[in-house]
Amino acid sequence: MNRKLPVAVLGATGVVGQRLVRRLACHPWFELTTLAASERSAGKRYADACAWRLPGEPYAGFADRPVVACDAARIDEPLVISALDATIAREVEPALARRGALVCSNASAFRMSADVPLLVPEVNADHVDLVLAQRASGSRGAIVCNPNCTTTVLVLALKPLADAFGIDAVSMTSLQALSGAGWPGVASLDATANVVPFIGGEEEKVEEEATKILGAFTSAPRPAIQMAPFVVSAQCTRVPVVDGHTEAIGVKLRGAPSQDAVVAALRAFRSPFLDLELPSMPATLVRVHDANDRPQPRLDVERDDGMSVHVGRVRRCSLLGIKFIALGHNAERGAAGGALLNAELLVRKGIVS
Amino acid sequence: MNRKLPVAVLGATGVVGQRLVRRLACHPWFELTTLAASERSAGKRYADACAWRLPGEPYAGFADRPVVACDAARIDEPLVISALDATIAREVEPALARRGALVCSNASAFRMSADVPLLVPEVNADHVDLVLAQRASGSRGAIVCNPNCTTTVLVLALKPLADAFGIDAVSMTSLQALSGAGWPGVASLDATANVVPFIGGEEEKVEEEATKILGAFTSAPRPAIQMAPFVVSAQCTRVPVVDGHTEAIGVKLRGAPSQDAVVAALRAFRSPFLDLELPSMPATLVRVHDANDRPQPRLDVERDDGMSVHVGRVRRCSLLGIKFIALGHNAERGAAGGALLNAELLVRKGIVS
Amino acid sequence: MNRKLPVAVLGATGVVGQRLVRRLACHPWFELTTLAASERSAGKRYADACAWRLPGEPYAGFADRPVVACDAARIDEPLVISALDATIAREVEPALARRGALVCSNASAFRMSADVPLLVPEVNADHVDLVLAQRASGSRGAIVCNPNCTTTVLVLALKPLADAFGIDAVSMTSLQALSGAGWPGVASLDATANVVPFIGGEEEKVEEEATKILGAFTSAPRPAIQMAPFVVSAQCTRVPVVDGHTEAIGVKLRGAPSQDAVVAALRAFRSPFLDLELPSMPATLVRVHDANDRPQPRLDVERDDGMSVHVGRVRRCSLLGIKFIALGHNAERGAAGGALLNAELLVRKGIVS
Amino acid sequence: MNRKLPVAVLGATGVVGQRLVRRLACHPWFELTTLAASERSAGKRYADACAWRLPGEPYAGFADRPVVACDAARIDEPLVISALDATIAREVEPALARRGALVCSNASAFRMSADVPLLVPEVNADHVDLVLAQRASGSRGAIVCNPNCTTTVLVLALKPLADAFGIDAVSMTSLQALSGAGWPGVASLDATANVVPFIGGEEEKVEEEATKILGAFTSAPRPAIQMAPFVVSAQCTRVPVVDGHTEAIGVKLRGAPSQDAVVAALRAFRSPFLDLELPSMPATLVRVHDANDRPQPRLDVERDDGMSVHVGRVRRCSLLGIKFIALGHNAERGAAGGALLNAELLVRKGIVS
């Protein structure tokens, strides 16, 4: 690649947007050329528009860059990464796709649309061909989505088991980090030394997105996803953790494999899409912990730039057969890094160039 | 009751012991006459032996009382409440029972013994007759236990459903408070902005204790408990909350009742043992919350002196039929208050006087 | 008092307003007759307008009461307690005073006005006569203020020393609780496992309010306050604590008294205004702790319904002579309870009836 | 340097020791050849002896290395870095020095000894010649110390002001992180949503160490330190922060410079010992923040590998002239990194080779 591909980030001032900016500041393929945000921010310097909340160098070197509005007519990059809220995404993203842009969206607006691929590249990179369905309906560009952060961690932990055994049922209770709610997000009076046992819309998202991602792509009669045939039941809670969603998962696997067989499958797992060699893919995707008190968000979530998932405490479940703990970085693997990985996939597949 | 019954507290310096002392300082039936603790504390003033960690008046008025060792030969109260660690309880409690004392134990040592009643009075006060089995084997006194704190919250939330519908299976993920580990307990470096996804022995305790408590007492051929016939699968985690265990529960009920029917059963529930009128019984045992973000430990756990349990977010579960959130005070309902309630039950039943 | 005096609360939906409502729900002299809040809340049920964030019974029994707008023309109680933001208070409170109401304001808007008494009744109840100055300028009603929460804790800890020795200089660094910023207040991402070393306007308020409160009331030639002649230097920080401002105080006292003399003065202190016998006055105003790791917000702040202040670690300071730690409940003593105490003072003095 | 210098770490299993191991795993000059700890750990694999509590790769690659006891007779490296507790350090460190080792100690045992240099290389590298005094008394090796973590942050923030203006008095209130107490350290029940206003011995250490470090080295009649002639008054508190001590500092400077002059001096500061070019020296030693709510531990403390200090909110102080906020990494700059920097200084000066 001789020169870097220009990329626009929508929602650049939010907590996911900040992580996108930081990742793009040193990306081997991409050059961040447009920082877009709400009308309120438009025209300001990035440093003035943005309550930067990441450790390290503030504004990742973009302090003086101007912020523009999320106006489809004024954003002409071929590749756009969107960290917009769903309600705004619903308007802006299709307008950009019509204009010809490939939009990698972190928003929930179009995740379950029949012709939108819901991608975690190591899990279902083949679903990307669903963009053909969008183009068949006349769009020059296309929208691809990454799933909800909680879903992302779940499907990455389930993928090795789906491949090795097949899944019949899934139960999941999440202990989700504060950064998943953005900034200002959860009020500190609610989050301090407390649990909030509700996150609006989260359980529904997890339950439906997971079966789409782990479903099968079929090209004929037309490109489509056949949902995976298992049930997912989710309970989502918020806990006083900064980054990292912990998930207590129970799973019913075909053939009722032993605990040892499950651990072996997790350790042996290599993504079938590893040969894509996307720059943001971690070398080790699923880290299996031996210590019985791991993974822990504060100790484990930043490994591999937050792009791996962690599994621990794999053991027998009297109800579903196997239970374990999973952990992943909601704001990186489950948001900024996930959206960026999708952008890399589009380039590798030649869908954008 | 003309005069108060003298009571000894074992393990009086720990966090559960402190709560027992505070409760006994103003109890209508009992007078705290002996504060016992480890050899290390023996001979000291209570204020010198004890790192008091409760809000309000330090030492609850017992600052100057001497602490004695947990020596069965020197404790002659007819009623003893034990907040000892299991390893010490295993030696001291039987010695006291042999000596004639009724021991209400918060320890795990004897909870699953076939002739020891595992009591939550509002749930299974009838199990108390299992002490007859102990006396049959020659003991003048007896040991009765309250369950693990996590179990206590679970069975109190399940009892209305067991009575109204019958239970076929239970899944539970806990988010447990720091006080459940005692003091010093969990290191602050492990607990701050973190989740520890493991609590040694906890899952096993919950899974077996729950079926004993919700089992049936049979008097013939000899006093015994028939375990409840359903499976419980538990995942237990520690979160940065001071007091109050939150539990995400899924339950398969007989007849697959609707969400509305389940809510109605929870609201309508009155303990079958309410007429015991024990002083530490809360007026409302199960509080059902309408707000979708409740119950929350910081806001709800102290109601009713920490003796009620809270249920919220009752809704359909695609896997088991019904799921909901429960919350209870681990250190009161699940420990000090629970042990004291057992002591009150023994008095009311005439087992001790 | 045969019947209770009707009282309106302005800003009843905020975190201070909620505490006022809870206190007034069981007040011996007052009956809460009007709950007022912003236009956005007006017309709603209190339970619908208010994100109740206090432990215990939600809405303190006022769930179904209608909320009215803060419209001076529609609030006709003789006594009004205001928990409004300063910008709104600046308009509403004078309008109410002109209409004849006695307004006890928790807002900062008029605290430093020359004719407004800034009251902590146990410290400077005599300043209340400054309302004469307001009436001299034609107002039928009047405004009295309680100070900023941080100031309140500081002056209560300083008062015994001012009386016993006289003060020459004060240094204070605060570690302030989250509830001082209201709800939603500080974002949890900023507050979790972090310190925010800045609270807008807080240091200036403490530095000037303290010298007004500890100043002298002079009635001639006209009612006025002569500022106390010492300098206060404040550094204010926010820490992850729910309730309770901790203050590390250094003080230069006249005559350079010994540490023992200072402790003795703190212990011996009785407010010169104790005979007012206001219902919300704590029996013990200044609690002096012996343990060197006290006071601590989580353990101490709720004592005496949050109305006492705590002092610990009194010791020699190589710079100013004496240093110590103080703690008080920012939202009770420093806000709701403080405003209510002022209302009680107005009744006791016959200024409102 | 052709080959790396072998280094032993004492107390390798503690939280400071773990950071030393991690730093030495990739050090340009040093090779970690011995991991020593208490008798209890001796003979175990490092992974078995050590409750590793750092993010990233567990045990930094040393999982299988054997741990040896801190026995002076068995440790023969010329350079030893000690993270021992003071009581053990008091015995082990002199024995090692007598044997010929240069001991860089993080312990408090010998910091104030007249012939032991108390070093922060960028501040007082010239004090290192005090080892001549030790050798004059017959020791072949020597002990050099880094100060207490709180002292380190303080003197690094004061050094530019001492050089530019001269200091007359210092007031400091600290808000200290949990990691400063080691592991298990502070109990989570004490640290959660709380402030502990006492850290044993800390205030005394800060007050005396700061004046030694900022004092002057004199070589005749014999090597000695002349204490800096100003008073330091410290109040030390513990707050629920993982890493990073925040300090609210007031300072009386000679000539009463303006706020602007102080900011300019801080920004212009270059360590007089910068030309030592030690590998662990940060490129920017004092980072001056413009944003009024910075520095914050969670956002700033990890910059520059935790080796810089942060200063913000420089402003007028009505009491001492200037006040500001400082922040530094207690466990890196104030402990592991500080001790390692001293080891590098000894090499650069040719004292060890």
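Every chain is named by a letter (A, B, C and D) in the order it is written, and numbering of its residues begins at 1.
Keep this in mind: a contact is a pair of C-beta atoms (placed from the backbone, for glycine too) under 8 Å apart; a residue touches a chain by one contact, two chains touch by 3 or more.
This is a predicted model, so every value here is computed, not measured.
Matching residue numbers shows that C-D is the pair in A-D, B-C or C-D whose interface repeats A-B, with more than half of the contact pairs in common. Between C-D and B-D, more contacting C-beta pairs join the chains of C-D. Separating the CA-averaged centres of subunit C and subunit D is a span of 42 Å.
Subunit B and subunit D have Cα centroids lying 48 Å from one another. With touch defined as above, residues shared between interfaces to two or more other chains in subunit A number as follows: 53, 190, 192-193, 240-242, 298-299. Subunit B makes touch with subunit D in their complex at residues 15, 53, 178-179, 181, 183-193, 240-242. The part of subunit B that touches subunit A in the complex is made up of residues 169-171, 173, 175, 190, 192-198, 207, 231-233, 235, 237, 239-242, 246, 248, 250, 292-299, 312-313, 317-320, 323, 325. Residues 53-57, 192-193, 242, 298-300, 302-303 of subunit A are the ones that touch subunit D when the two sit in their complex.
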